Amino acid sequence: MGIRVAVAGASGYAGGELLRLLAGHPEFDLVAATAHASAGRPVAVVHPQLAGLDLVLGATDPTTLADADLVFLALPHGQSAALAATLPGSVKVVDLGADHRLRDADAWARYYGGEHAGAWTYGLPELPGQRAAVAAADRVASTGCYAVATTLALAPLIAAGAVFPTDVVVVAASGTSGAGRAAKPHLLGSEVMGDLSPYKVGAHQHVPEIKQATGATSLSFTPVLAPMPRGILATVTAVPTGEADPREVLAGAYADEPFVHLLPEGAWPHTAATAGANSCHLQATVDVDSGRVIVVSAIDNLGKGAAGQAVQNANLMFDLPETTGLSVFGAAP
Amino acid sequence: MGIRVAVAGASGYAGGELLRLLAGHPEFDLVAATAHASAGRPVAVVHPQLAGLDLVLGATDPTTLADADLVFLALPHGQSAALAATLPGSVKVVDLGADHRLRDADAWARYYGGEHAGAWTYGLPELPGQRAAVAAADRVASTGCYAVATTLALAPLIAAGAVFPTDVVVVAASGTSGAGRAAKPHLLGSEVMGDLSPYKVGAHQHVPEIKQATGATSLSFTPVLAPMPRGILATVTAVPTGEADPREVLAGAYADEPFVHLLPEGAWPHTAATAGANSCHLQATVDVDSGRVIVVSAIDNLGKGAAGQAVQNANLMFDLPETTGLSVFGAAP
Amino acid sequence: MGIRVAVAGASGYAGGELLRLLAGHPEFDLVAATAHASAGRPVAVVHPQLAGLDLVLGATDPTTLADADLVFLALPHGQSAALAATLPGSVKVVDLGADHRLRDADAWARYYGGEHAGAWTYGLPELPGQRAAVAAADRVASTGCYAVATTLALAPLIAAGAVFPTDVVVVAASGTSGAGRAAKPHLLGSEVMGDLSPYKVGAHQHVPEIKQATGATSLSFTPVLAPMPRGILATVTAVPTGEADPREVLAGAYADEPFVHLLPEGAWPHTAATAGANSCHLQATVDVDSGRVIVVSAIDNLGKGAAGQAVQNANLMFDLPETTGLSVFGAAP
Amino acid sequence: MGIRVAVAGASGYAGGELLRLLAGHPEFDLVAATAHASAGRPVAVVHPQLAGLDLVLGATDPTTLADADLVFLALPHGQSAALAATLPGSVKVVDLGADHRLRDADAWARYYGGEHAGAWTYGLPELPGQRAAVAAADRVASTGCYAVATTLALAPLIAAGAVFPTDVVVVAASGTSGAGRAAKPHLLGSEVMGDLSPYKVGAHQHVPEIKQATGATSLSFTPVLAPMPRGILATVTAVPTGEADPREVLAGAYADEPFVHLLPEGAWPHTAATAGANSCHLQATVDVDSGRVIVVSAIDNLGKGAAGQAVQNANLMFDLPETTGLSVFGAAP
């Protein structure tokens, strides 16, 4: 008998990807998947890509979830804290939502609103010290999708003193699944295909999370919606201090990481190369004209940006090899 | 020590997908991957999605391949026969190309040209008798992408006498990876995005393969290039005999098949739902106005249409569980 | 002072394309555009591509519309008849909806339901006799998008006795704008990109319209949703009689038509080539194996399939050159 | 008899769009279109969207071109200068290439290489003084695609002292037609669909052009290839001086411009909204966290970024209304 796992919020895109990963995971046994409006519907109808998975979505109630050894919460921001509070301490929890990511209650109030639920262990094992922290935790707040793409590119550079934390500029484009599965007119295929458009300019809720995770003190962050289902490409620029070579810092930071690849010089990340995988691809250079450091990172927003990251954290929490049930290779083209 | 596997033609799209599947296969050990123009280049450069796979493409010579227990040939049509002829009988071979699919030398001459290399065991285990035949074979000709999508929809109906074999009409649209990786102007992203266009109308080389595999005696087949990287949607229509219910025939034929799913009534196949998987999704109905049977099938042309199918055959040839290293679940959205 | 024109249903995709065409039309003056939920919103907000068009959407009431010389109705099926009934006879009307297309009340009841509003002049000028009929009419029912693509490919062949009307098989794929602008989950960009899927299989409401317009007596019609915003590619197959050469029949039928192009032999239609234009591109051949005639047609579903077609009809109704304000050239790539 | 116009380099994407615009232009008569490898082929075969345009591509020789009143050069960078030098002074020339854009010979050598051909009048009428300069010129260097998108967003802010010219960061994503029509593997549809990837990071040849046109003294510029055929979205950030409100500056600068629209507050540009048009859509805000000014601009890279811009310049050079033959409205969705 494996580890009993439940997923709350299983009808969305991150939830569907979680179910896919769990269905192929050799140690986690999916025992329940719950939803709100889709409760009562077969998983294979809600997620056509899971045809053959014989499971019906249940209602999201604590009793169902409390029976598991591990619960993933893939709920809209602001909904996971209340549900998590009802789960017994014996159940380990990985929250894919934002509720427990921020340590700063003021930042929570400013960017999300409502009451701050308090911070859990931040689930990005590639940060210094976090691998052990996640392994020791019973409650882990998995990362935001833009946050992981940006943080993996930036955090080692600030930590090593290679760039100043004071003038960081990020433009990051995401595939549409990052905007969720609720039917909104601006997310219709007719609108997004052939289109690029920014949104929440200068005011995205991942800003405080990125600052907390990287140590940046000033962050200009512009998110862009891109005409593809999956993927995030983050272009991160910062001013070099001259104290360390940025590419060497990244090479050192990720030399032993299974999921983060600094590409060979001259090769730049492609989001498609990470599709379906838990990988992050990175490249860095110095801009000829401005002298700025430019680091570009690519992830699958549903993989390393959500479901894959969550499974990676869960593997650590249950003392499994970190790569169990996860792929480092994307399904491209 | 696992089964030693080599891939010839590893630089193309089917080759890349094969490498991805083999990298995750628990029994097959990838020991060599060869290419023509890309020989000498690291796999991770040729296939960015395989960043982290530490392997350099070799030249395609028989000595390299003969050292393996199993060789996959993912070469352009007409190139695999010559290479296969040089491999010792002790090496099992799965050919993803067309060279050994057709039993009829005239059909080969008409649709492909050049000398007919002779037929191998046809690698579609879901056909009656073929699972055992593949398991017993040392040389297997894996199916064509359009052929598998059409055959899985049609063969059981003709075999059961549910439809006449005399007036079959198929329109099938494929993602662009089915057209290969050679840089041709009409395959540029600028040309294919936002575009649908037919090609090889009434003269596609999969026609004789489909007729051989299904028993159809008259086949109108129109392939269409679709603006997506992967996936085939085949719409198959035929005239019912009234002797058997088509949907029930399909349900019976595939009840125990791991990779073929007849969807619940009312649900129609989506190609995206099979992306990255070795699945085929099917649905059937009777057209209200014409009385024709309409069966629609969806596959990933690189999965069940190429690399996945090839691995499925190889699993059988080595007496492994048929689903080893293959997923039935697609990575969607 | 030009001809005063109003558009009802201006917030949808066909309505938006109508506004674009009317804004560039030298004889039609757009005096009012109305909508339901979007009434009161500036056109440039509802349709970002019309930034700079200084017009606010009004409520759809007869008084506003009755003040125009010409009214376009771009409403959902079943809503235009009631509105049209309130307009005075002095106002000419082009209905882009289905309400007045079918002559057969039974067909209406079967495919649309509700009361049959009666047929108007069918607005496809390329059909024999229809150019004059449209020019003489005050009320014109413009064609359905699939219907025009299929009819232009098929009608001349049946009329000339080149193919039998008894066994016509059509598979037609449409871009997503054909499914409208209402926010439905299956139309989200995340769902449609990378995906092909059929819908309303064997039961689409354009079947009776196509039969009426072409003379087909048995029609198998399968519509497919394709991952692109615009465009329809219809693959039409029928059994030849041997009485006339299909390609020559089409060449003769369209020799003098400004908007219908039979492509040079060997060239097949591309939907992208018709984007933004009022063109239909055609090609025909005989299938080698089955002997069937295959005709493929491409249109822009919002152009020749909706708004362009409607303006073409209106030009005729007001005795303007038929091509006024319309382009035969697509904006590609 | 209108103004006689020829296009050199008519087989590429910018050339095709020029032909489309010229075919609908009431004053310019297209008398010749030339190409290199495609010489001798009908335009309608090379550009399927121009089916019905009865013209054969000629060879690119000076004799053919010298017969025109106006010549557009849509050649690869480095090829137009030599050809232009052979044209008589009586022929007006608009160069869509880069050869005559830069005033600084060193910058030319550094970013393009080869001999500097010398600067022509820079063809961006929206810059102060340039409208009159273009109108008075016989030789005009039309803008680069990224340059126009960035310059329209940035130049007025620097000119007004609203932002510092010393720390400008731009990330701009382009549709694939911006990369041209040469068949290269990384531009295949299979590679670009579903993918975002940067290129020429920190070293793009439009950097000196943007600096020259805007007055920026330090520019970090990262171009990204986006999965769509057309469109550029440029995210431009700079440090405000506090001397002027950026949005008001833009509003003032473009109040009377026919092709540049500052969107209503809260609305952000969509590239799709400019498809096929000569428009530029802008929006600006101040980033909450960093205090940086963020301006986002959207254009059609083949419209305002190439062919549309060139026609706008030509209109001025021939004293025609600037908007003749150009649309401000995009064809969306």
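Per-chain residue numbering starts at 1, and chain names A, B, C and D are given in the order in which the chains are listed.
To be clear about the criterion, a residue touches a chain if its C-beta (ideal position, glycine included) is under 8 Å from a C-beta of that chain, and two chains touch if they have at least 3 such contacts.
Predicted model, so just to flag it, every value in this text is computed and none were measured.
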item: Fewest touching-chain hops separating chain A from chain C; value: 1
item: Superposition rotation for chain C onto chain D, Cα-based, multiple of 5°; value: 180
item: A-B or B-C, whichever has more C-beta pairs in contact; value: B-C
item: Length of the line joining the C-alpha centres of chain B and chain C, rounded to whole Å; value: 37
item: Centre distance in Å when chain B and chain D are each reduced to the mean of their C-alpha atoms; value: 44
item: Chain C residues counted as touching two or more neighbouring chains; value: 13, 175-177, 190-191, 193-194, 227-230, 270, 272-273, 275, 332-333
item: Chain C-facing residues of chain A, complex; value: 13, 175-177, 179, 181, 183-185, 187-194, 227-229
item: Chain D residues touching chain A - in the complex, by the definition given at the top; value: 167-169, 171, 173, 175, 190-191, 193-199, 201-203, 207, 211, 218-222, 224, 226-231, 233, 235, 237, 268-273, 275, 283, 285-292, 294, 296, 298, 332-333
item: Partner chain A, residues of chain B touching it in the complex; value: 13, 16-17, 20, 23-24, 42, 44-45, 47-53, 176-177, 193-194, 229-230, 258, 261, 263-264, 267, 270, 272-277, 279, 281, 327-333
